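Everything below concerns the one structure shown next.
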Amino acid sequence: MLQPNVETFIACDASLEEASTVLFGAPYDSTTSYRPGTRFASKAIRGESFGLETYSPYQDKDLEDIKVFDSGDLELSFGRVDLALADIRKRAAEILALNKRPFMIGGEHLVTLPAVEAAFEKYPDLQVIQFDAHTDLRDDYLDAKLSHATVIRRIHDFLGDGKIHQFGIRSGERAEFQFAKAHTNLHKYSLAGLKETVAALKDTPIYLTIDLDVFDPAAFPGTGTPEAGGIFFMEFIESLKLLSQLNIVALDVNELSPALDQSGASTALACKVVRELLLAIN
Amino acid sequence: MLQPNVETFIACDASLEEASTVLFGAPYDSTTSYRPGTRFASKAIRGESFGLETYSPYQDKDLEDIKVFDSGDLELSFGRVDLALADIRKRAAEILALNKRPFMIGGEHLVTLPAVEAAFEKYPDLQVIQFDAHTDLRDDYLDAKLSHATVIRRIHDFLGDGKIHQFGIRSGERAEFQFAKAHTNLHKYSLAGLKETVAALKDTPIYLTIDLDVFDPAAFPGTGTPEAGGIFFMEFIESLKLLSQLNIVALDVNELSPALDQSGASTALACKVVRELLLAIN
Amino acid sequence: MLQPNVETFIACDASLEEASTVLFGAPYDSTTSYRPGTRFASKAIRGESFGLETYSPYQDKDLEDIKVFDSGDLELSFGRVDLALADIRKRAAEILALNKRPFMIGGEHLVTLPAVEAAFEKYPDLQVIQFDAHTDLRDDYLDAKLSHATVIRRIHDFLGDGKIHQFGIRSGERAEFQFAKAHTNLHKYSLAGLKETVAALKDTPIYLTIDLDVFDPAAFPGTGTPEAGGIFFMEFIESLKLLSQLNIVALDVNELSPALDQSGASTALACKVVRELLLAIN
Amino acid sequence: MLQPNVETFIACDASLEEASTVLFGAPYDSTTSYRPGTRFASKAIRGESFGLETYSPYQDKDLEDIKVFDSGDLELSFGRVDLALADIRKRAAEILALNKRPFMIGGEHLVTLPAVEAAFEKYPDLQVIQFDAHTDLRDDYLDAKLSHATVIRRIHDFLGDGKIHQFGIRSGERAEFQFAKAHTNLHKYSLAGLKETVAALKDTPIYLTIDLDVFDPAAFPGTGTPEAGGIFFMEFIESLKLLSQLNIVALDVNELSPALDQSGASTALACKVVRELLLAIN
Amino acid sequence: MLQPNVETFIACDASLEEASTVLFGAPYDSTTSYRPGTRFASKAIRGESFGLETYSPYQDKDLEDIKVFDSGDLELSFGRVDLALADIRKRAAEILALNKRPFMIGGEHLVTLPAVEAAFEKYPDLQVIQFDAHTDLRDDYLDAKLSHATVIRRIHDFLGDGKIHQFGIRSGERAEFQFAKAHTNLHKYSLAGLKETVAALKDTPIYLTIDLDVFDPAAFPGTGTPEAGGIFFMEFIESLKLLSQLNIVALDVNELSPALDQSGASTALACKVVRELLLAIN
Amino acid sequence: MLQPNVETFIACDASLEEASTVLFGAPYDSTTSYRPGTRFASKAIRGESFGLETYSPYQDKDLEDIKVFDSGDLELSFGRVDLALADIRKRAAEILALNKRPFMIGGEHLVTLPAVEAAFEKYPDLQVIQFDAHTDLRDDYLDAKLSHATVIRRIHDFLGDGKIHQFGIRSGERAEFQFAKAHTNLHKYSLAGLKETVAALKDTPIYLTIDLDVFDPAAFPGTGTPEAGGIFFMEFIESLKLLSQLNIVALDVNELSPALDQSGASTALACKVVRELLLAIN
């Protein structure tokens, strides 16, 4: 039978009604100050996901057994940051209003800001767990308040002290590390400390944001600002058991720039991160 | 509103009922003897088509004004040539049975065989116009009768003498050129002679097959066996006025191997060829 | 002797005082809607220029005989279009105020807008000659008024009818071509008509903007939206004799995206365009 | 003196008579369902091997001290799986009949099937040790019984239960892992358990098959389906002391796709794997 | 039967005795001042040649009908220019002493010097025809007398005035063009003038050297210093009828840098140039 | 204000007078026997360094707090090894004569020879610490005494026994390892043993040479002869505390070949190595 060509992340073909999680892409990288290209991530991840198995031997779970709806990519204005962020916020809010969990695929890290805003509106006691190479705590960047380099600082603006838990951090200005000391819970270089954080946050609504540059560039060269000295895949896998104990109400995976790694290995890793997260939270 | 993620060639979003032309992808390259990769062409062309305008200044026509349905890609078996070809034939026949025109995006050139078979079944007086660098007239290739290098010979098997019109040919074995002399209408190096061919075939049902390696590798490096000395884009544009006078009942565009041209220019050219053909035949 | 590391376009090492032309880079591509990367063009062109000879056999002139100052790249905010454009305008105005000719290397085509504004402020009878594949005449693009796709429309806003001369155009929406018919002098596909335009404009101050995608992607694949069917290098060379008769008061070359053509051939061609223009206008 | 151009893996220039091991290439990837390209592996490995030293500091042995004959690549039909597999089987049998050890370089993993068949014919008590990311235990794949994804299942068909020892496995369908539980000895993620396996198999004829995607994509991105979470080179090196205690009667290394890693690092790693295996078994 | 792995340019498998032409590779690029990599050309050309047909429709001749011996690549010292050139000269002389025609595949253009020396020793009335983008007439380059940029000047040192015929030239220093005016026969930009040159040289022993950068970078981006504005393939094909009238006693094709054009199209074009030259001179 | 375009490694903009360390590039790779390209390293490192933060969380130090002068790249003759080495030696000696520390960025490893010569002239009790995958202890290579493969042997010629400390070594000929046993202090595979070496050398003037191929190709594929099995970034970071206790009087970082890793991750790692070394020694 002749059908229109529906493209989803592998096995994420549930109807909206039955789905508990809703995927969407936020293909935006307009404030990226170095190598852009993350705008192509969500499309690449969908395409590459068909090279994956739906079954995870790590968690002994299968995407075939869960219900996820893939609502495709937003069409975002590259010329107007304000409009792009508003569109993302609207989409996240729409999903949350249906009592479903939004799972956004970036784009640059700035896309996290409106999604956290939408989640915070629904869950005033929201806290954020961030896997990242960078603090993203600048107050402004080249005179812009809204930037991939300021996104966590902007989130701190409304979330306040002690609500942001940063892991894997290994790059930033001295002032950012000083800010973190005073205002966030920053863990350098690895995911060490996650166990204690999860234990303390079990009943709290969590927004999980994974900047894929938390991975070592050996494992994940496909990102605009590769930072040597990151985590490897098995460290991420080990974190899943902890993450699955949390009440994650919204999440995102961002900063894959697929064209920078022509072997496809970075996109394939990103796909596995998405698969494992979907299985961990459902 | 949250919608599933439908992916089509740009502006080819008509319903099946209203459409006069139906696109489908045949992502198959299993007999490719040199550099494979054409299996990724249809996906790449859909994605890249959104970099196109829908309007053609060459023909002063717009995709917005015509009705095309994109039925997505077939899922073809790489391990079984027979099954793959049968699936393609079935899809082409299904479209023809609805009195619509199938427009297939390959894949390697072998995918043309079952599509011509389906068209020939409906139109016994079918003739074939082929733009190509290669004769594709071998009787067998490395002991295989079904191969990208034998496809036109297989079509000749049932179509017979004088029904195949070859243009742009510049590569083949000596024996293939000798076969062509006796059995097909072969025009070397360019599209010269197309005018006379079109004049003679105006009332005949035509299958048009465009092996994109007919283009010079300067304009189109993204193909497995680039053959220097081909046509450039404006020569193709000039042929459109002629092609639009024909009764093209089915057609295909094949042999783009997108990963071989990382600039994206080859995929972009393939997109324009598809756009211009859609506008010329509708 | 130990010296700091001054990097210029080859042989553009005159002092500011003696120079008649001042180069500067505008590494900005934040509104690029498809493949970004032109922000790296000016740096790449400087580096690659040392693979050039300073002598042009086409014009029998040598860069060693003329005086050009290279003032390096602006540091532009990716998060704020308004700030970026203001900084460009300021630089162009500063050069014009010294009675020197600004020669800007983009960046995406939007950078042309503030440079034309600065030139128009000094020369109220300014006209624009544009070599480009695209009309760039949209009124807005994805809700943004300031975009690479609207730049010539924005220039028309203040320059008015009949002052913009477009060559090589082969892509745009139907409405853009209709706008051009009413308001600009548009020449499709090639540089044909340049001779008459130059004859009519000999005493008029001219801003020359060259979007390098006017070249055929065969010759210049290193650009974000390659449009088949463009000009080749020798057509550009033939235009130099005409261009050298004009009173060009400011100019730019834009839309090279060096990483898209890893052979380096596109960057090398861009370097030659810069060299030949420098020789033609001095 | 003018000689014909003989190309071998470095230092594998013994005569057939004196050689104990015979290399051959099986450049076949026609059933590869995702990114093809392993057909170019044997040629690439020979060329790149001249960047290697012949001496291994790990084993303190030198290729100069052993006798290996490189019989070049088979010419295999891409259009006919049956013919291709028959040709491989014939070559392996021919080498075994000379009481020499065949060392095949794939190609996709399916090429292992006929080589194991040939070895099994000579050694009815043959067992298989497999280093791989994937179980390769599907019963069919897209309706094909012969496929890179079914190869170990086909080997199980005639070898029977308990004779296949799988290491490094981290990807497959749930049903494949269930099949493994019942019928093979599967070790997940790493080479842990190899010591015990080797101890138990010391007097048994062994076919060793190394799918290079057992390596982490960080170390080996040059393969069609990179699976994060694999082994690194030093783990492989540590296994050599164990492997050298076995009675390996035939072996292969497969699934390098050289064009996917343009840095050359994947091909270089494959070369070292071949060198170290040659030194370990001779 | 098990055979050692002999690699030749396609169909160049005659014995030394029966051959009239002897191929050899000179993989040397140590004086290349910009992007090196031509050392890999001869190996790449041999490998890629199997994507060619042996039959040329342009000349209606077939490599199967002529006798060529491929003696493989020289092993040249990268650290000692003097030794490398001596080894090349020895090889060329050895072939000439057998009354066969040496056909060298470079390498950078400097490899032409010793080959011309060897030919000049045998044929004191030798003249040189050069297809090239560059004059290569510098007297020294960065203090080195032996360089790719000085090679034709060094040849002029012993050949003298009026014996060097340059075609396609479009890059050089002003002084080089002035030198050419006085001492060589230089034809700019194209092969125009070749007819007259051939007519005048019919009975003269000719060394033909083709620097592949004579081609436009659109057709041939795979070279270290791409120079826009060159010839296209059909212009080369048209020259073959003229070249075949000459008494070419030795020849070379140089300056392919295969890694710079990852599409393979440049290497494929180089293969066709070699094939067509072999057919034209035999 | 219009300024000339000075390019330095990030934050290395001190004046020569105030600087304690002076950077310079030695873009030379003419004896590289396999894949060349390190000549582009210093330029690439400068450009990419602006993607770095100036602050190191590993050492809690900031480039803003130290004084480094970047004197740019030498212009070296590719055709004359002797001239190139003499120019490097002169530059290193010039910096040492000012009682500043030269920090050279290669280039192939041979550039280390003249820099060590210059340092040895000033510090007769100089010893060398080398991080490298290769012994570089050949006596000659393809008949050349001066080669990237002989550089440490040449240094041993004048430094004598026991003064060279090699770490991370995993590739070389058997004879090189035997030479090392007798004449150098060689540590295989990792940096193990560095602690003892540093303890013994605390008051000795040290030349530190880091061949970046000491890193595993997973972390650093961008080098001509990638050798699997090397160190990862965090092992390097851990060595910094030791290195900072030494009296390093001159140093270099070499063998980055930026074009071989198109993701940019190798160049980014090299930048971090330079930053961390600058912070460790100042």
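By letter and in written order, the chains are A, B, C, D, E and F; residue numbering begins at 1 in each of them.
The criterion applied here is as follows: a residue touches a chain if its C-beta (ideal position, glycine included) is under 8 Å from a C-beta of that chain, and two chains touch if they have at least 3 such contacts.
Here's who's who by UniProt: A, B, C, D, E, F = Agmatinase.
As the structure is a computational prediction, the values presented were derived from the model and not from experiment.
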{"item": "Equivalent interface to A-F, taken from A-D, A-C or B-D so that over half of the residue contact pairs match", "value": "A-D"}
{"item": "Selected interface, A-B versus E-F, where C-beta contact pairs are more numerous", "value": "E-F"}
{"item": "Distance between chain centroids, defined by C-alpha means - subunit B, subunit E (Å)", "value": "38"}
{"item": "Whole-Å gap between the CA centroids of subunit A and subunit E", "value": "55"}
{"item": "Per-residue multi-chain contacts in subunit F, two or more chains", "value": "35, 216, 218-219, 259, 261-262"}
{"item": "Of subunit C, residues touching subunit A in the complex", "value": "29-33, 35-37, 39, 75-81, 83, 141-147, 259"}
{"item": "Residues of subunit F defined as touching subunit D within the complex", "value": "34-35, 169-174, 177, 188-189, 216-219, 221-222, 225-229, 260-262"}
{"item": "Partner subunit E, residues of subunit C touching it in the complex", "value": "51, 53-55, 57-58, 62, 216, 218-219, 232-234, 237, 261-265, 268-269, 272"}
{"item": "Of subunit D, residues touching subunit E in the complex", "value": "2-8, 16, 22, 43, 46-47, 69-73, 94-95, 259, 262"}
